[in-house]
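In what follows, structures are represented as structure tokens.
Look at the two complexes coming up: subunit A is in both, with subunit B in one and subunit C in the other.
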Partner chain A sequence: MSRSPGTVYRGRSGQWAFVAHRITGFLVFFFLLLHIVDVSLVSRPRLYDQVHQLYGNVVLRLFEVGLLAALVYHSLNGLRIVMIDFFPGSIRNEKRVLSAVVSLTALLTAVGGWIIMKPFVEGRLL
Partner chain B sequence: MAAPVLEPGPTGGRRLERRARQNYEAWSWVFMRLSGLVLLFLALTHFAITHIVNDVTETDAAFVGERWSNPLWRVFDWALLALALSHGLNGLRWIVEDYVHSHARRTATKVALYSSSLGLFAYGTFTIVTFQAP
Partner chain C sequence: MAGVDVELRIKRFNPDTDARPHWQTFQLQADPTDRVLDTLHAVKWEQDGTLSFRRSCAHGVCGSDAMVINGANALACVELVRDAVGAGAGGGTITVEPIRGLPVIKDLVVDMEPFFAQYRSVIPHLVNTDPVGDRERLQSPEERARYDDTTKCILCAACTTSCPIYWGNSGYVGPAAIVNAHRFIFDSRDAAAEERLDILNQRSGVWRCRTAFNCSEACPRGIKVTEAIQEVKRAIVYDRV
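On to the complex of A and B.
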């Protein structure tokens, strides 16, 4: 298949932004299903607290950082989609906005990730 | 993502059917943008409270009890539950329609998806509404 530059979407940054949007949305959705079940234990406080302590474990802390990254990317890229849909002229800046989305995701994940991992780094928790 | 496509369609009953489907997809498109904007605020606020401002190990049953003693937080959490589930469900419907090509398997996947989401929506609503602080 021949490609005409400027009109082919496939393999360009927009397609990767779309793929990442799907994957992050999919992951957050399945976390939500798990989260509905774990919160439902709150009617039995002792059991809830036991299960909940697991979230302080280093493996699940890393999982929370991943959740943060997925949430922030999906939120910011969602704003980018809304921007392109409602202000079609802004498509000209689409690539620069995408790099802002990626950098801001990295920055917020790094800052939030540091706060989430801090108790482990300081050796207060396993 | 699944932007509504307007094109001259067939005539008669099939045209009405197609128009109904186009309307449905157009509204689903609008819904994704609006719910997404609200969720940006709800989900990030929720994450900040439960993982950044408070450490996750501090958000025990007593923490939930204190928060849910205020009905506004229950409304907040229920809105987050309802919007996140419906936004995610519609997103997953798009994914299923894109990748599951066989009609029978697509229907089966959607039935499983809709029923489990509806069940969990009822379960989550039950948790929020019936909770009583110990």
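On to the complex of A and C.
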């Protein structure tokens, strides 16, 4: 006899698309809160510049790549959900639509990530 | 056919002695073509008579033995041991838990009453006040086909208890109730579609569905549950059946 915590329900792609949608939604919302704080500093120019310089730091740039991935996934998956709501054909091809969402997210994140991280790769920033 | 060694891990709960559920493991031999239900019977009849679970017809028709098998909802009387332990394996572990989102009474037995109350709330029967007349209410094959998929429901609750929204919000009527509303909403002989759509347009209704598709994957009858829910949503939005 052993005690054990709960198990994770083994849903398929749709369940994980749903979970990822919730998590990325939270992350984007969290960033918006942060963004409201940093933009509200505009009345104090020196502080504003100092805070915004932080965004040039490699850790925060990586954070921005993550934010981009979350934003792109959340937007594209949102469109997938709208398609599922209005077009019966996309329900039957729901898994293929999800594959397209994931592939496009990876592609756009790679392109955007390259642009965001380029200064570090080229050694212009540290 | 050669038997396989099965380790059956069951999530057990006895309300008289346990504060919380715990896992118990049983070792047994089974044929690959046995159903998971047969292994539960073997445990109950030969090893531990206190094990509690529901089953009635034992042939995938009555819908009594939906449970979480290896992490996903299925009927124990349909799921084969060879599929549950993995193809080609000489044996393996099968985990069995009660379905989620409904209160556990004992071991694998849950209180189905909230589920049936949600089912009853959508008026799951034919409503037609026209005089009966002296012949059947005829329907064309196309009219019958419109709701054919949702006539297959056996109310096993595999869909409703696989829904992540339902786990977190027991006020949601759940996929099974919507499937059974769908069965009558799109029936040409029925006269209460509008009433059902009003019920499902409330906070607890179809709008709680976030299209995670767990219900469609879980249905042992292969009903396209998410598709049915979406058809009900569109019937409400377009005000058209």
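Assume the second predicted complex is superposed on the first by the 116 of 126 C-alpha atoms of A that agree within 3 Å, B and C clash if a C-alpha of one lies under 4 Å from a C-alpha of the other, contacts with A are read in each partner's own complex, and residues count from 1 in each chain.
In the analysis below, a contact is a pair of C-beta atoms (placed from the backbone, for glycine too) under 8 Å apart; a residue touches a chain by one contact, two chains touch by 3 or more.
The structure presented is a predicted model; accordingly, all values stated were derived computationally and were not measured.
Visitor: Tell me which touches more residues of subunit A here: subunit C or subunit B.
Guide: Counting contacted residues of subunit A, the larger count belongs to B.
Visitor: Applying the touch criterion given at the start, work out whether A:Asp85 contacts subunit B, subunit C, both or neither, answering first, second, both or neither.
Guide: both
Visitor: Touching A:Pro45, do we find subunit B (first), subunit C (second), both, or neither?
Guide: In the superposition, A:Pro45 touches subunit B alone.
Visitor: I'd like to know which partner A:Ile115 touches here: subunit B for first, subunit C for second, both or neither.
Guide: Touch status of A:Ile115: first partner only.
Visitor: Report for A:Phe18: first if it touches subunit B alone, second if subunit C alone, otherwise both or neither.
Guide: both
Visitor: Given the touch rule stated above, what does A:Arg10 touch, subunit B (first), subunit C (second), both, or neither?
Guide: second
Visitor: If you stack the two complexes on chain A, which partner ends up touching A:Glu94: first (subunit B), second (subunit C), both, or neither?
Guide: After superposing on A, A:Glu94 lies in contact with subunit C but is clear of subunit B.
Visitor: Which subunit A residues contact subunit B in one complex and subunit C in the other?
Guide: 18, 21, 81, 85-86
Visitor: Where on subunit B is subunit A touching in the complex?
Guide: Against subunit A, the touching part of subunit B is residues 1, 3, 33, 36-37, 39-40, 43-44, 47, 51-52, 55-57, 59-62, 64-65, 81, 84-85, 88-89, 91-92, 95, 116-117, 120, 123-124, 126-127, 130-132, 134.
Visitor: For the complex, give me every residue of subunit C touching subunit A.
Guide: Going by the criterion above, the answer is residues 20, 22-25, 68, 70-72, 95, 97, 100, 162, 164, 210-214, 216-217, 224, 226-227, 230-231, 233-234.
Visitor: Under the definition above, what is the set of subunit A residues touching subunit C in their complex?
Guide: Contact set of subunit A toward subunit C: 1-4, 7-15, 17-19, 21, 81, 84-86, 88, 91-92, 94.
Visitor: Per the contact definition, I'd like the list of subunit A residues that touch subunit B in the complex.
Guide: Residue positions touching the partner: 18, 21-22, 25-26, 28-29, 32-33, 36-37, 39-40, 42-43, 45-46, 48-49, 52-53, 55-56, 61, 64, 67-68, 71-72, 75, 78-79, 81-82, 85-86, 112, 115-116, 119, 125.
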